[in-house]
């Protein structure tokens, strides 16, 4: 087999891509597995690796390499935060998909008037910096009584994921072949029936992909849950991480461990469902607008 | 339609929809104006939750089911211990308390948001400077109406008591802790390498001179770690006040920064210019650890543990961690607090407060909660939190009897060894000389420093000139003074 | 009952519209109103001040500095994300052994939250325990750890990490577009003797033009509003060298409690972003 220069270039490029992508993730995990004193010189690979930091995160004292390491004082709050986000994110994902699949289908495949206005509004609502709506949301939610509640966080997340997912699904459904429904209609299905029995199964991958997008947004949200539920028991894990910036702790390892717990779930979701992302055809939303 | 025409039409349509969007938003805005949510005044409303009880409470419910629980707002610190004391309070006094623990980093803004939303709570922590601001804004009340108030005042150190009084002499809060901060600690290991082991500076100028000597001998790459974290409260803002006060012998900073009526008296040709010019100089000379200028409080603290600095201007509880071999690279026996002499004072008061909100669940019950944490346990007469924090983290108490408690002395000896006496003497020498800024008693300060700190930092690194920086700070101070006190 | 297309569509879409309107437009409108008033907490008065807040933005030196920081950040991020997205997409569009592994790996940075990305940046760039310093020291390139997050280059580093986080979206947009380009056209161009660059410009690019446009638009919008990564990586420092407009706005709101002024700033930022996006559409959809 002749050595093809093009192949060499490709393999080198692929190698570089992998290094570039994984190094930052590696650095966090590396620090999470070490003891603070080892970290302080700067290490390239984990020295004396152990799961001590994770044990401490659950609130237990553990004997480390250099002495007793105390359990993390706010372990209960962290657990609470993790529970909260484990409740909120799936709910947001499910509601988003239930609302956006029909909406995306309608806008993408059916001819309705005002389509362009809707798209403009959807895209526009995404462009506003979150900072500007934080205080109004804060007062709105406090007045309604939603501040510090999980339902409040769910609603806020929905206000972001719904426009985004609709926009993507609308292009996706629009790109599916027209013949699908025609075939079902010929067999006597109603419009709704056609959608349910024929279009949805074929659209499975795209729906899976947008579900990931919605889930990840909710899982990773920081700014809304920080301001709108900060200090209450409804605060999510991501926002609780700021407690590591506290004034008498020097715990980069503990911090890293806490960050990795949140990262791991998101990473796994991405790894498992990655192949569906490539099936999303994004071109059509653009041509709809233009 | 040709491609060209199609594109032109769609662009026009796009703009049309942007315009429509603006109109819609404008209408919504008008609706908001006439709507139900003015941002002020804070109306005392009950915050009811529509969602079912998915939120669980940190402390267990009390034995008296009909009692509305009191709310205790605080930041993270020794959470297990505090929760333990809360439970003790609940048991001893047949009470029910909910703790709301806010993130340390934005604690003040989060509490402000709660006050503005009209939430009810009964006890809260406050950092230095906030206790008077919230008093002025009408969110908290002074303690003069508390029963036994004179007994409480008698238990204080007299100079600390002054720091706790507002501009009209009323007691604003109860002591959570105090300690000297932004005062220098020395690392003799580095000084010995430079051949000046055992020497102690008596002024900031002498400190910088010694730092130059250390740097020139190569004993340390960055001889000084100043308290210049890139934050307003808890960083360069506080260090600025401390150094101004120490160098120009102005304990309440009314001569050089803000007068007794809170209007600014500094300008491009006053002492502040000299101080900031010196800051630029020492940064350029490489005398300070540059990492501190983009550090948060936590990172500044981490930097101090590296053991490479000859001088660290820090706080007592940070210094305690520097003495801990489990996490610090410093050699404990070589670390010493630099005492204050008659030449110049050191440092600034750092204190935490327990405050009494006006909008509370019940005046009598909240007063009991205040006293339990801020004064003493009525049943046993013991100062629970004051003693505990002194033992665990070297947080000093505003009550003069805590440092004579043998348990407390024993706890200090554990980490200081035979340096206990010299350290206590140093603390005593610093306490009467440290800065107690009068401006902290006005709401102007917080807003001024929360924007102004970035100017101080920018001047230090040379991003902004001294003249421009002072002009910015001065105009900010002027507009804030106008906003709160009218006129100029 | 046979529903017309439009009516069926409206029934399907109505709950969505109601939700979006309710939750998004009201705070937007409220924020617009706030930008025209002044809220004074000491006197508990809210007074209408017309365009005074907007006028103040013209005289604010902090804001001016933040605008430069934001502009620099947005440009750098958009360029990086587009180039990275394009480059990586081109590589994984080819068939070679292990390409599916690379595809799986490439999406991973996107899984991190903005906050986690900022922290990751710290863990790499920190001068006492950072990975980068450790590697450089180990190789021997330097013998004392460097301070990367100094005033001059903080924005570049933040942009690097933010682009790392955003690039996967770009990769997959462009990849999907690349896969619509027929292999046949490509082969024909090769046979006709076109160089790699010519092939790219004439054959590949027309198919991915819209995808590239979307990537540029999304990068601009995201980078323009990014605040969490600055907060987590440098806190805006040193000085104000890494304080972009949203972070400064955040401080105006929550540090100085100047709600009116803060709202004015954020509306100006929005107008700016919308203008930029409109500009992109104009430039990139013009027939060449």
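In order of appearance the chains are A, B and C, and numbering begins at 1 in each one.
Methods note: contacts are C-beta pairs under 8 Å (C-beta built on N, C-alpha and C of every residue); 3 or more make two chains touch, one makes a residue touch a chain.
Since the model is a prediction, treat every value here as computed from it, not as a measurement.
Taken as a graph of touching chains, this assembly is complete, with every chain in contact with every other. The interface with the greater number of C-beta contacts, when A-C is set against B-C, is A-C. Distance from the centre of chain C peaks at B, each centre being the average of the chain's Cα atoms. Computed from the mean C-alpha positions, the centre of chain A lies at a distance of 35 Å from the centre of chain B. Per-chain CA centroids place chain A at a distance of 16 Å from chain C.
Computed centre separation for the pair chain B/chain C is 34 angstrom, with centres defined by C-alpha atoms.
In chain B, 7, 14, 18, 32, 37, 39, 106, 113, 296, 302, 306 are the positions where the chain touches two or more neighbouring chains simultaneously. Contact with two or more other chains is made by residues 40, 121, 124, 135-136, 139-140, 252, 290 of chain A. Counting partners per residue, chain C has 25-26, 28, 30, 34, 128, 259, 274, 281, 285 as the residues that reach two or more other chains. Those residues of chain C that touch chain A in the complex are listed here as 3, 5-6, 8-10, 12-13, 15-17, 19-20, 23-28, 30-31, 34, 87-88, 91-92, 94, 96, 98-99, 102-117, 119-121, 123-124, 126, 128-131, 133-135, 137-138, 145, 161, 164, 172-173, 175-177, 180, 210-211, 213-214, 221, 224-225, 227-228, 246, 249-250, 253, 259, 262-263, 266-267, 269-270, 273-274, 277, 281, 285. Taken together, the chain A residues at the contact with chain C in this complex read 7, 10-11, 13-14, 17-18, 20-25, 27-28, 30-31, 39-44, 99-100, 102-103, 105-107, 110-113, 118, 121-122, 124-137, 139-140, 155-156, 158-159, 162-163, 166, 191-192, 216, 219-223, 238, 241, 252, 255-256, 259, 262-263, 266-267, 269-271, 274-275, 277-278, 280-283, 285-287, 290. Chain B contributes residues 3-4, 7, 11, 14-15, 18, 24-33, 35, 37-42, 106, 109, 112-113, 116, 136-137, 221, 230-232, 290-291, 293-296, 302-303, 306, 443, 447, 450-451, 454-455, 457-461, 463-464, 468, 472, 483-484 to its touches with chain C in the complex.
Listed in rising order, the residues of chain A touching chain B in the complex are 36-37, 40, 66-68, 73-74, 76-77, 80, 87, 116-117, 120-121, 124, 135-136, 138-140, 142-152, 226-227, 230-234, 239-240, 242-250, 252, 289-290. Interface of chain C with chain B (complex): residues 25-26, 28-30, 32-34, 39-42, 44-46, 61-62, 127-128, 144, 147, 149-151, 154, 234-243, 251-252, 254-257, 259, 274, 278, 281-282, 285-287.
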